[in-house]
Amino acid sequence: MRPWDGIISEDEQKAYRAAGFGRAQGMGARPALLIIDIQYRTIGTQPRPFWDSVKEFPTSCGEIGWAAMGKVVPLLDCFRRKGFPVLYPHVAPKVAGEGGRLAEKVPAIMTIPAKGYEFPPEIAPHPGDALIPKKHPSAFFGTAMVSHLIDLNVDTLVMTGCTTSGCVRASAVDAFAYNFKVVVPEDAVYDRSRVSHCVNLFDMAEKYADVMPAAEVLKKIEALPPRVPARAAE
Amino acid sequence: MRPWDGIISEDEQKAYRAAGFGRAQGMGARPALLIIDIQYRTIGTQPRPFWDSVKEFPTSCGEIGWAAMGKVVPLLDCFRRKGFPVLYPHVAPKVAGEGGRLAEKVPAIMTIPAKGYEFPPEIAPHPGDALIPKKHPSAFFGTAMVSHLIDLNVDTLVMTGCTTSGCVRASAVDAFAYNFKVVVPEDAVYDRSRVSHCVNLFDMAEKYADVMPAAEVLKKIEALPPRVPARAAE
Amino acid sequence: MRPWDGIISEDEQKAYRAAGFGRAQGMGARPALLIIDIQYRTIGTQPRPFWDSVKEFPTSCGEIGWAAMGKVVPLLDCFRRKGFPVLYPHVAPKVAGEGGRLAEKVPAIMTIPAKGYEFPPEIAPHPGDALIPKKHPSAFFGTAMVSHLIDLNVDTLVMTGCTTSGCVRASAVDAFAYNFKVVVPEDAVYDRSRVSHCVNLFDMAEKYADVMPAAEVLKKIEALPPRVPARAAE
Amino acid sequence: MRPWDGIISEDEQKAYRAAGFGRAQGMGARPALLIIDIQYRTIGTQPRPFWDSVKEFPTSCGEIGWAAMGKVVPLLDCFRRKGFPVLYPHVAPKVAGEGGRLAEKVPAIMTIPAKGYEFPPEIAPHPGDALIPKKHPSAFFGTAMVSHLIDLNVDTLVMTGCTTSGCVRASAVDAFAYNFKVVVPEDAVYDRSRVSHCVNLFDMAEKYADVMPAAEVLKKIEALPPRVPARAAE
């Protein structure tokens, strides 16, 4: 049973299979973990139902965000133990005059209070983690992300955070185009619409990424030998 | 009545509204038309039902592609009369050794016959139109697209073609990040899954683009004064 | 008499002419001013001879930087009066772990004190100016620069600052590739090597930019009608 | 004795050293060879003195190009024996309407005959080599280059071809920003100006690349263990 069953009909799933979509890429040997936009502004300062949580931050997804963060924690712990890199693409506070198309399309996003930009301690960065401030949906657009990943000699990106239909999806499409293997743990990403969440998981599974439960990703990462820093050889 | 009504529940649509999503960007004054991947390989050499059409090209969307192309034709005619630029991001034939992640995820895509890469005469390029061969979903990734658009002094991109959930969506996200205004005529784009098509229209309407029927886009383009080539002034 | 005369021989200048290089692009109608890396770390907190100034910041170019800044000031004033955009691509303080190739090639760059990253008041940003922190030589690499320029509807970039052979040159090459017209006021850019400064001006003049004295650039900008914000039309 | 000695004064070389520039990056373990723009249009169909050769193709550098190609041949042979990737960023024939800034700056470049775009047999691509058509100076700008290099798991780029001050320099700056190690064999790159060639080697040596004779690069590549294809492991 996949998250999109019952939303995408069997017939339409067959149509994608006929076009040859949906094969697995498999996991590489040098993964990095991306924690995308898990900040108080997307989950609230406490787990609350959606309609309560948006009163604190209009951009919050509420308690489903907290549930997904709960699935990120063991992944993060495993990446740290193995010495695999962890990167934090995140939204930096907006500055007047830099709104562009975003300010027209989603004006509320320009006025989030500073607390909203903080990381919850459960998944907060450690010294040495790469912080990637971004202004656009994709973690790659207008950022040093690719340069970091080349420096770190990464071949696989495990993408967690939010929203499934927004920054996670946009980052997965770019990562795929850059020829990274992309893995999306389906219960460690979240969105304010369940249907859009599920259909975006379907789209990514068919075209850009391997999509599976976080527990399964965890098992695959645990099975990998720990990281030997690439630059030590010289 | 929007294409995604009945698929995305009213409650979830309200959730997006609460976050402040979904405002209109409006049309600029200097639009360009993007005809994305309308090639025989995505519609077949004749309008046929989906399951017949995939026998010709596994990547075909069949008769819904022909229907969408029918909506592109008057738009294309209008852009040509007004002197607005038309660009053709399209998939070039694959060459051995350049598969990368795509070859793993969608192996059938590596072996489409040459006829599949041709443009149907209804929407075929004229001399002077920009042909943008691409190897990745987005029309912007690894292409000279942005350079063309800057040279042409474009502020708005009308995106047609296929697939809604693939190259159209990926191109819309990038165009939005580059700060172009993005307009998606909902019946001039197509996909092999109706549900994914509708949900991707919803995602784009909420976050990246103005989504409306082709007839409405046509009216807005007709209302614009014709193009004065930007470089003539010098 | 051009800055590179006597360094590049007449015969070699003829060789470039034979290949058809070196034509003028001309000035567009919608310029923006780029002030690249004019921070205390590249000129020192006071105008001092080179070998004194490097004692304060090893990356300082000393008094020639102050001389060039003196040429930027009237340009900046003119851009502000006309309402043309001013952008500040600049180096943000380095963070541990993000060195990559730069840390290997120029280790001293990782340990500049905070004061070095400040802008001198003569050319300091106003509210609303775009601040573009960058980690790489080009103002475009891994930044939101292009998105800003598209949003601002710019067609011409006047590039000032430092170093001629480093970030100015790298930014000019990218701007040219994006199809912006590039203008380099030869006495408003600076470098720690006079010869490299002059040869880089030659390279840019032949291939990527119009190179002329700041006074001449100023006259051309003064002759332009002031900016009408692009988005007001809607 | 370095190529730029006598052109860049000792004092100016010291000034760069004071700023901390010019350290070696060292060679990685997974190199790729870039053969940039070695096509008849840049060397002529036969080795001829510069002023004769430009009669055949105005963009030719003449016999110095043939000399540099002679240094590329043993490098290429070594890369092939070791199984290291070879990539060919090259200029594709121009199409009407795509000139942009280039057509203004170097109009002659728009009308080179087809023969000029061919590769000399000495360095011609083998099946499986990546051909990277480009429209801009850098091999990375608007191309799939980075995606190829990530797919091939490359950490070091050896750059040969032309021109030193044009496409080689622009590619080196981008490769450096992407965090690849860059090696430029000083006698396997060429330019129509000797002084600009030498100063660009200096600039790259100080800031972006390790610059050394081709013979030395060859020795370092020979010392590396041959390539084990990255994807075989799965």
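Letters are used for the chains, namely A, B, C and D, taken in the order the chains are written, and counting of residues starts over at 1 for each.
Here is the rule we go by: a contact is a pair of C-beta atoms (placed from the backbone, for glycine too) under 8 Å apart; a residue touches a chain by one contact, two chains touch by 3 or more.
Remember, predicted model here, so these are calculated numbers, not experimental data.
K.L.:
When the CA atoms of chain B are placed over those of chain C, what is the turn angle between 0 and 180 degrees, to the nearest 5?
P.N.:
C-alpha superposition angle, chain B on chain C: 180 degrees.
K.L.:
Between C-D and B-D, which chain pair is linked by more C-beta pairs in contact?
P.N.:
By number of C-beta pairs in contact, C-D is the larger.
K.L.:
If you average the CA atoms of chain B and of chain D, how many Å lie between those two points?
P.N.:
Roughly 36 Å, centre to centre.
K.L.:
So the centre of each chain is just the mean of its C-alpha atoms; given that, what is the distance between chain C and chain D in Å?
P.N.:
Centres of chain C and chain D (C-alpha means) sit 26 Å apart.
K.L.:
Indicate the residues of chain A shared as contacts by at least two other chains.
P.N.:
Correct list: 26, 100-101, 136, 142, 146-148, 151, 177, 179-180.
K.L.:
Considering only which chains touch which, label the overall pattern as line, ring, star, complete or other.
P.N.:
If you draw each chain as a dot and join those that touch, every dot ends up joined to every other.
K.L.:
Spell out the part of chain A that touches chain B in their complex, as residue ranges.
P.N.:
Those in contact with chain B are residues 7-9, 12-13, 15-16, 18-26, 50-51, 54, 58-59, 100-102, 104-109, 136-138, 141-142, 165-166, 169-170, 173-174, 176-177, 179-182, 192-196, 199-200, 202-203, 207-208.
K.L.:
Touching chain A in the complex: which residues of chain C?
P.N.:
Spelled out, the residues of chain C in touch with chain A are 95-98, 100-101, 127-131, 135-136, 142-148, 151.
K.L.:
Hey, which residues of chain D end up touching chain A in the complex?
P.N.:
Going by the criterion above, the answer is residues 26, 28-29, 146-151, 153, 155, 177-180, 230, 233-234.
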